[in-house]
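When the chains are written out, they are named A, B, C, D and E in that same order, and each has its own residue count from 1.
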Amino acid sequence: MPGAARASSVSVRDLRLAYGALTVLDRLSLDIAEGEFIVLLGPSGCGKSTLLNCVAGLLEITDGQIWIKGRNVTWEEPKDRGIGMVFQSYALYPQMTVRGNLAFGLRNAGLPKAEIETRIARAAEILQIEPLLERKPAALSGGQRQRVAIGRALVRDVDVFLFDEPLSNLDAKLRSELRVEIKRLHQQLRNTMIYVTHDQIEALTLADRIAVMRGGIIQQLADPKTIYNRPANLFVAGFIGSPAMTFLKGRIAERGGASFFEAGGAAIALDGYQGEVPPAGREVILGVRPEHVSVGAEGAPATVDIDEPMGSDSLLWLTFGGQSLSARAPAEHGFGRGEKVGLGFDISKASLFDPRSEQRL
Amino acid sequence: MPGAARASSVSVRDLRLAYGALTVLDRLSLDIAEGEFIVLLGPSGCGKSTLLNCVAGLLEITDGQIWIKGRNVTWEEPKDRGIGMVFQSYALYPQMTVRGNLAFGLRNAGLPKAEIETRIARAAEILQIEPLLERKPAALSGGQRQRVAIGRALVRDVDVFLFDEPLSNLDAKLRSELRVEIKRLHQQLRNTMIYVTHDQIEALTLADRIAVMRGGIIQQLADPKTIYNRPANLFVAGFIGSPAMTFLKGRIAERGGASFFEAGGAAIALDGYQGEVPPAGREVILGVRPEHVSVGAEGAPATVDIDEPMGSDSLLWLTFGGQSLSARAPAEHGFGRGEKVGLGFDISKASLFDPRSEQRL
Amino acid sequence: ADLEVTHWWTSGGEAAAVAEFAKAFDATGNHWVDGAIAGSGETARSIMVSRITGGDPMGATQFNHGRQAEELVAAGLMRDLDAVAEAQDWKSVINPPSLLESCMLDGHLYCIPVNIHSWQWLWLSNQAFADAGVPVPANWEEFVAAAPALQKAGKIPLAVGQQGWQMTGIFNDLLLGLGGKDLYLKVYDEKDAEVAGGADVAKVFKALDDARTLSKGSNVQSWNEATAMVISGKAGGQVMGDWAQGEFQVAGKVAGTDYTCLPGLGEARYITTGGDSFYFPALDDPEKSKAQEVLAEVILSPETQVAFNLKKGSLPVRGDVDLAAANDCMKKGLAILKEGNVLKSTDELISPDTTTQLNDLMSEFFAESMTAEDAQKRFAGLIESAD
Amino acid sequence: MLATTLAATDVMGRAEPRGARPRKTLSRRNVMLYGVLIVVALYYLLPLYVMLVTSLKGMPEIRLGGIFAPPMEITFEPWVKAWSEACTGLNCDGLSRGFWNSVRITIPSVALSIAIASINGYALANWRFKGANTFFAILIFGAFVPYQVMLYPIVILLREIGLYGTLTGLVIVHTIFGMPILTLLFRNYFASVPEELFKAARVDGAGFWGIYFKIMLPMSLPIFVVAIILQVTGIWNDFLFGVVYTKPDTYPMTVQLNNIVNSVTGVKEYNVNMAATIITGLVPLTIYFISGKLFVRGIAAGAVKG
Amino acid sequence: MSADGPPGRLFKNISAKIASIPMILTAVVVFLGGTLWTVIYSFTDSKLLPRLNFVGLAQYERLWSTPRWIVSIENLAIYGILSLIFSFVIGFLLAALLDQQIRFENTFRTIFLYPFALSFIVTGLVWQWILNPDFGLQHIIRGLGWENFTFNPLYDARLVMFGIVLAGLWQGTGLIMCLMLAGLRGIDEDIWKAARVEGIPTWKTYLFIVIPMMRPVFVTTLVIVMAGIVKLYDLVVAMTAGGPGTASEVPAKYVYEFMFRAQNLGQGFAASTMMLLSVAVVVIPWAYLEFGGKRRG
């Protein structure tokens, strides 16, 4: 569902943002469709929060325009942009009760009392925080606080939600629970959401489209499946997926009309590759995810280094053609160190990269 | 490999620790074998750090004894206990170089210069931090800092390593890398290690044995596979595994000599259950992990609620017998909301719990 | 030996005077280490007492004679000077003899008076009155009568520094001047509260009320700033002790032509003989003890007495010195002294505690709109509980 | 300025808002903000200005009035007089003597009081032995005790240990009275140092002093700057203890200042007083100007965490 | 207990205990001992030297019937309330202004802070002069044509405390500003952003959100300011010496003068005891709240 197909809800055009001499974002453009869930993903310091703050109007942009719902809001105050925002540190007002936190902005906007009550009741119901309304933030657990922070955006009845790493202060279990809740919330409300994270699991589970950023530049903007299976370049490939994709250096060989990937004496047939296989002799990097490597008695020979059990399955670290490679195997097996195994590769899910341009071929 | 079989390296006997009126640990006993990798796992505030600090001698215990290598060290100073410790926040001395950090403890112990150099060189080699030795901690990345923190314990040449959530400040990618490294380190050194975490992936991948704690009490102490497949009680079952185990409330029925689990009109055959199936009519809770539920066209009927893609596969949230259930399916499928599917259960990996005592049956 | 001497003589005239002591003492081969502490005797005395009780006494220290050091003496912290007194026959040379009495405790002599200060003076600026076009008054009544003219000429009739003791001084002077010797003694010596609340003292408070009115607008703190106003002709007059004389002298003014002095405020010709005296803390060092005796001798020697008192504007404590060089005002004082119209000062009659309370009362009276009657009532109460 | 205006109109001229919102330098907000700041700054600078101007005038000019008027004829006479000629009693060497005394008093007092207070703060924050907080509460109570109240007991105390009138005695007095607030600051600061650091050092075998000197001290520059500033200011400016616990030849500068200011010869020599005042304040002022930034940082570290 | 029991508790952390001896001595001997000593002698009739001749509550009776003491208490209350309110308000306002990412922040901050480097004696002196009706402000303004302009606080009994507050604020607000600024900088940036997104005006954000969050700073500041207020002495002495009359007397001065000038230690001690009592009434509940709970530290 590409953005152009639907009405554009948020549109960033040629955005440039500089802190003094340091340009953090340069000529960045991004179109987000109505009701779309966009995740901005990238390593720390790549400019995700900066971009989000520009959209919110919390940072004055250096150049470019920002449109929300067909209106140029470049010069408007945050409160007039029709956005709600949820912060990593929750940013709840500690001395007010939950109800106070939710009501404060509304009261300030001069809404009638009854209307405020209705909205709070609705948000509290959606988020299941009715029993907490009279508590202060200090008396809430991390997850509850996060829900209140979302509630504060919710009551504002806005079209665009902005989330800046809303879950990264929480522990793994809570994180996965709230992830589901946010997903549900989106399915229920169908607002446009822009969600910043550096956790790829969040990105993959939540996003309609993911924008992978590095150094202020969007590296790839696509739906999770495409990002996962056909990463645009080495950076995206390595960044997405946990355990990470393995990269093998080698070159293309041709034998009997079929293309092979050759490295350190081992060869992998490339038929079924989703993309253009380069001519023989070309140096390439083969990227393959652990779960697309099957481990058995037969296949390309490799040696087991470490068997890391991970509950439902194990992660094997192997030596293959002199290079290190990881593979996922069902937990039952249990491999010993130094054990010889055979590998099978699902080439339709693998990627070939140009070592110089680092782009996918 | 139960602790009693080998020489006991660390032994905690009837430990009691109270902060004023608040008793955090009560009559806790734990035997750890020589060279064993023990992980203390549990939710925040359950007393993991407290237990570790008691072993290290950083907290004065209220009652009980602590033995390390056959010596009662209950009243000894931390430095005399033959332990090394790695902290969550690294706790590197910010004003010293990496070399200074590593040397500090050794100099305090009055070791000769040459010996100090040798030990630092060895640790630096093992951890691959030779190029960093002259830098200050502020100039290191998170992962490098963590390695230095480990190095600081390493140079002390101790028998017991204590880790207090050493990876929880790092991002997911780095975390998985360092996890492997710690595992490698243990395989290389074969020291006794006590490792605190609330991240179950860490626990499952690293531990020889896991002690799952709650409220200062060890709920289950066993190897990862047992913990994963035969959790001792509801708490352990729910705490371990991500996505979490689903619990279905129901009762035992008998039809034709075979036992069934019945809930909301749906029934699941219980043959192959690892444990004792209770008599018919008894109320039980069935716990089943998402990866032990197979989704296909046939089987027990269920309805899809949400399809959460997670890269390699998807997590399906289903309604089954009026209750919510999750299942893992290969990412290829792609289920729509409301789609009817059939489920298969791998009962040999499921657990039955008593609703009152919450213990596994 | 080096002898540290603490005192609070820091104004121009005072400093010049104390230099005479130092010069004379240094001439004996000893060394005067000057420990002047500025900011009036009140600041200085607390420091002196701390040091003596703290076990780090100075070689000698100034106090007003009277009861300020009574307890220090009683506690054995001060040495007696009986031997020197005997040798120098001070009993016969000190005049009036009451001065020595106030240095005695249980028959021992603990201090030496160095000068006689009298409080009862009204200092007038001849120029101010000339500017106002009225003759220089000869007594308090005339002064009060001349005040409107002064005010018209833009002058402040009576300069008063904003410190309690200066106002108490005015009150005591009025008490002695307008009420006479008997009233003064009844109040302060016998501490007769009835008299203090009676009609005679009421008159004094009326006069004090006048003084308060006349002093409006003198925005200065210390006494010598007030004196400076008289010297420069900005103010008509000041009620202040004879030490004000020193300031006139330093400013090069001539008694009679530039300024006029009226002892006893021009009313009753009595003066009180307060003054400064030196105490000698008990020291362990015999050499210093010796030096203390030398210092005592030097201070009371006729030459130093003359030199000192000429500069200071006070009267010598010896009856046998020649003060030919004395000016007009000093001679007036000497004459009264000769007549024997001398009384003990309040310092000797009432305790510092009572003095402090009195100062508070007076400064309150001057600053606020308290009526003369109320003030008198409180005064009577104060005298009743005085010790 | 012109260029910015042009650029602004250019932006305004476009059909759509683009780039940074045009802002006038003289927006109402800025006028208000800087207006208030400048007015307040003037209020704060006024006394300094008056001091400076007055100290450069001759007495005749001062008598004319107009304390705010700049000097018609600049003279450094009052400065010279204040520094080396002003008299108190018989001593006519102005502030110069007191200056070195102040230095001699301030340096050891600052050093000792900070050393002790930092150790106290460290012991309180990191070692927390039983009863420590009780002592600390008493200490804080001590912060409120007027010095005058303690003057007498301390006189007796010093007499009993035979230190009355010595420099050591004075140093001890300054240490005692600096202790409450400094200990509070240091305690708060050390409490904000991650506890794990402290634990790591203990595992590494460092003891009480080892951790203090090798771990805590090197990390505490900002709070030490704050402590030094507070103490230098406090001790340098102290009058009461200086005058009560010293002798004339060891009088600190403030005592000399008080003497000069209160020794009036005829009229008050305002110009000399002001010069003396500025000279006396010069040392703490210099320290302030040099380390202003660190001061705020240290305050942030030591005061905010309650 | 285990077989080889714990070593003596006393020797646990022995270095820490030894290192704390100066603090313990100061707390116990000087502050506690000195206070007790003062309280005991306040029941005696000690004059110039302390002596144990008990007279019951006589000193207190006299104290509370002395107008000057009453005035002192009132003055301290006026000064305390005014300087508390104004130093907090002004200090906070200045800090808030400086926190607006302004240019020349360093310069402004230094200007506001420098008076703190001066002693009260100096402050008193300068302000005494500026407020002097014959030279200072009043003189200047009259000279400018307003002949009837009257601003003469130091010689007007009704206004004198305000004059002292003026000087006290000049000296002290800089530090308060610094403390507040530190506090403001410690507030999570996200809170500001959240408030902006909700469209809450700046002043409201300060009033309802930021100020309530700065409680710890306010507590520390309160301790410092209150300690300064109770001790108020030098400034009064330098500016007015308690005058005009007794209009600007303060308790600390009363104590000092009765102990040393009036040579009535008993009276001075009684007054000190009253001051200490009022301090204790404030400090003890605070200390209890601060350290009584099971919070760290």
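Observations on the structure shown:
FYI, contacts are C-beta pairs under 8 Å (C-beta built on N, C-alpha and C of every residue); 3 or more make two chains touch, one makes a residue touch a chain.
In this text, all values refer to a predicted model and were calculated from it rather than measured experimentally.
Chains that touch both chain A and chain D are the following: B, E.
Any chain touching chain C that also touches chain D appears here: E. Across the structure, the highest number of inter-chain C-beta contacts is found for D-E.
The chain with its CA mean position farthest from that of chain A is C. Taking each chain's centre as the mean of its CA atoms, C is the chain most distant from chain B. For the pair chain C and chain E, the distance between C-alpha centroids works out to 38 Å.
Chain D and chain E have centres, each the mean of its CA atoms, that are 16 Å apart.
The distance from the centre of chain A to the centre of chain B, with each centre set as the mean of the Cα atoms, comes to 26 Å.
Between chain A and chain C the centroid-to-centroid distance comes to 92 Å (mean Cα coordinates, whole Å). Counting partners per residue, chain C has 46, 50, 53 as the residues that reach two or more other chains. Contacts with at least two other chains are made by residues 151-152, 258, 261 of chain D. Taken in their complex, chain C has these residues touching chain E: 42, 45-46, 49-50, 53, 68, 70-72, 75, 162-163, 219, 221, 351-353, 355-357, 360, 363-368. Listed in rising order, the residues of chain E touching chain D in the complex are 12-13, 15-17, 19-20, 22-24, 26-35, 37-38, 50, 94, 97-98, 100, 102, 106, 108-123, 125-127, 129-130, 134-136, 139-140, 143, 170, 174, 178-179, 181-183, 185-186, 215-217, 219-221, 223-224, 226-227, 230-231, 233-234, 251-252, 255-256, 259, 265, 272, 275-276, 279-280, 282-284, 287, 290-291, 296-297.
On the side of chain D, the complex with chain C involves touching residues 87-91, 151-152, 155-156, 158-159, 162, 164-165, 243-245, 247-249, 258-268. Interface residues of chain E, counted against chain C in their complex, comprise 47-49, 66-68, 132-134, 152, 154-155, 157, 240-247, 256-264, 267. Of all the residues in chain A, the ones that touch chain B in their complex are 44, 171-173, 176, 180, 183-184, 187, 198-201, 204-205, 224-225, 228, 239-244, 289, 291, 306, 308-313, 315, 317, 328, 331, 337.
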